[in-house]
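Listed after this line are the structures, all set down as structure tokens.
Two complexes, one shared chain (subunit A), two partners (subunit B, subunit C).
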Partner chain A sequence: MNEVILDCLGEACPVPLVKAQNKIAEMNIGDILIVQIDHSCAMKNLPEWARKDGHNVEVEEVDDGEWEVIIEKLK
Partner chain B sequence: MAREKQVEHYDVVIIGGGPGGLSAAIYTGRARLKTILIEKALIGGLATYTNEIANYPGFPEEPKGEHITNLMKKQAQNMGVDFKLTAVKSVDLTGEEKIVETFRNKYIAKTVIIATGGRPRVTGGLNEENFLFDKGISFCATCDAAANTDKHVVVIGSGDAAIEEGMFLTKFASKVTVSVMHDEGIMDCNEIAKAAALSNPKMEFVWNSVVHGFEGEEHLERVILKNVKTDELIPVSCDNCFEFIGYIPNTELFEGQIKLTNRGYIPVNEKKETNIPGVFAVGDVTDKWLRQVATAVGDGAIAGTAAEKHIAEEEIFHEKIMQKDKVGMIYLYNAIDADSRAFLSEIETIENSFNKALVVNRVDIYKSTGIAEKLNVSTFPSIVITKDGKVAETIMDLSSDSIRNAINKLS
Partner chain C sequence: MAEQSSLASRRSSSSASRRKPKKNQIPIGVALVIIIVAIGIYLGTKSGQLALYWTLGISFGVILQKGRFCFTASMRDPYLTGGTSLTRAVLIAFAIATIGFAAIKYGYQSMGLPMPGMSYVAPVSLGTVFGAFIFGIGMVIAGGCASGTLMRVGEGFHMQILSLLFFIIGSLWGAHDFGWWKLNVISKGKEVFLPDVFGWAGALFVQLTIIVLLYIAAEKYEEKRKAQ
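Coming up: the complex of A and B.
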């Protein structure tokens, strides 16, 4: 099982979402994608999309205004 | 293949990051309990869905709900509370150690505070699931009203939320049709809202009606209402539909473990305790009369404090009161009762006469009967004699001789 880190720091919506969607399409079920973001809008739309798509999601605030969205691909 | 979950120990796990959970976190954090708050979406809960909160004391500027809950979060963080934004997958609350699992972690806690709130109730009409949220059925006028400028919308319900939100919608929409279950002129909302709604030229009412179903290609085009008296179907063409028919508590995770009301809410006592020791519940998820930010915050304060007391009592109970080294004598009394206080000198005499062979604990039950309940004692004063950390005898008829005899039997 792979763990992939996607650096989206400094990137505004919808770039992190689109990058994450493209990346997860290449990954296998059970793999983990960690998206690093610092735009709060991505904090909303990224987990929302991942949940709707049926993946496991966790958001970790690593620093003030900086988050990691951890997505486990489930299908 | 399942990944190995990381195990972490906490004094308090709070499930849900609305005002109730945040307030509990502030209290447990301040009591220096190791606390984590787990929220499945965004911190703030349902309060963040409202555009302005005008009745939360201390905020006369009518801020967004989010503004208030962000400040609560900051306050909890200052108290050292950890936050985790992910969904809880399962819980096992029945044991003395409470287990809360997310997809990457297994949390083991001494206490759990449930603050999971609720979500909008849906009508259950035909094809409803095809049009939820962005496809024509909304639950938040504040969020979606502007998108309905010059459109025709249908509102389901006649409670305060339905009528007040419906009135708000008339500022944008060209027409608001309200489906009301009751006879003409009867509504569930307050009288002021009712009078205003009935005289609003943009509002129309379909009395004695409920939702039968929803129709449309991609997006909602028609709501099919049904007359509850004649069963006649009434198609209403519209652009969007707003449902305001109440909320459902988020308690599915706890079914079979926590006692729930027949509507799924969690009944709690004055201390926000559920039927399981060490598990508390606060805010909208509980069976209560008024669901507001102000009442949720009060609940959180109570549960946070009660959790702290519970943990302290557990520690004292296991380490001190039920000690295994020697024969023990536990005196349970009410300090405001003069006779019970007077008997303390007799307790001291007995303690001294056994020299160091006896461990004596004096428990004042005036503030909390938690320890007495664990010992199954409900009349005071009483004495419990223990050996090897187990209850050997409970004495309710207190006399110096009967106490001495009970101790001598075990020594």
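Coming up: the complex of A and C.
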């Protein structure tokens, strides 16, 4: 099981979303992608897209205004 | 929830160890509320209208931030993620605003008073279409429309201070040349005020029908994208 950390700190949406979409496409099933974001808008559309795409998603607030979106690729 | 918590614990790189202890923001929040109320009371002694603008502006900002309401995302996410939840939220907001503004304007007209906000009934021309198009490109690149950029600068997102800077430069430039545009492009268009065309009930009906149709289209589109 691979774990990939994607640093999107300082990137405005939709950049984190597009990066995550590209990254997850090249990953294997069961891999975990951790996207680090500090843009509140990406906190909404990133989990929304990942859940809709059928992955396991969890959001952790690591600091004030800084989040890690943990996505487990399921398909 | 059990499945969710296992996801965080299964990850190999632990963020808990390098996590800084969060600062308690409640005292700052309380102080800020007191300052906001104090400024509001001070503005109220100068003019009631200023206090109203202050209150409405702050409320709008709080709703925008807490609701994660984003006009940019409402137009962009259908394409990017296939999600139309924000698109539909904007449509609902338009529907409520339609009813509210119709009620206010109709109320003034039926009392024989001049209708407020009629200066916003601007001529429609190809310039409207073109302007909307370049605004759309700009807001996707900048990561937010006007209100969204202001809200995120307030949140402390540094990159969008750059957006704000160019937003101000663009606004000033636009204001500087607005006279020319108005004379040569905008005034060539036709002013349309729907109640003049369809009557009050008709205008309300036409506008709400279009919004409902767009809402249904957004829902159908989301279902279609999900099925793919």
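Here, the second predicted complex is superposed on the first by the 75 of 75 C-alpha atoms of A that agree within 3 Å, B and C clash if a C-alpha of one lies under 4 Å from a C-alpha of the other, contacts with A are read in each partner's own complex, and residues count from 1 in each chain.
Please note the rule applied: a residue touches a chain if its C-beta (ideal position, glycine included) is under 8 Å from a C-beta of that chain, and two chains touch if they have at least 3 such contacts.
What you see is a predicted model, and the numbers here were worked out from it, not measured in a lab.
**Q** Does subunit B (first) or subunit C (second) touch A:Glu72, or do both, or does neither?
**A** both
**Q** Report the partner of subunit A that touches more of its residues: subunit B or subunit C.
**A** Partner with more touched residues of subunit A: C.
**Q** After lining up the shared chain so the two structures overlap, which partner does A:Cys41 touch, if you call subunit B first and subunit C second: first, second, both or neither?
**A** second
**Q** Scan A:Glu3 for contacts with subunit B and subunit C and give back first, second, both or neither.
**A** second
**Q** Going by the contact rule set out at the top, does A:Glu60 touch subunit B (first), subunit C (second), both, or neither?
**A** both
**Q** For A:Asn22, decide between first (touching subunit B), second (touching subunit C), both and neither.
**A** neither
**Q** Considering only the touch criterion stated at the top, classify A:Gly30 as touching first (subunit B), second (subunit C), both, or neither.
**A** first
**Q** Between subunit B and subunit C, which residues of subunit A are contacted by each of them?
**A** 43-44, 48, 56, 58, 60, 70, 72
**Q** Could you pull out which subunit B residues touch subunit A in their complex?
**A** On the subunit B side, the touching residues are 1, 3, 41-42, 83-87, 102-104.
**Q** Spell out the part of subunit A that touches subunit C in their complex, as residue ranges.
**A** 3, 5, 10-15, 17-18, 32, 34, 38-41, 43-45, 48-49, 52, 56, 58, 60, 62-65, 68, 70, 72
**Q** Can you tell me which positions in subunit C touch subunit A when the two form their complex?
**A** Against subunit A, subunit C makes touches at 3-5, 7-8, 10-13, 15, 19-20, 22-23, 25, 65, 68, 70, 72-73, 76-77, 80-83, 85, 140, 142-144, 148, 152, 155-160, 163, 226.
**Q** List the residues on subunit A that touch subunit B in their complex, please.
**A** 1, 30, 43-44, 47-48, 51, 56-61, 70, 72
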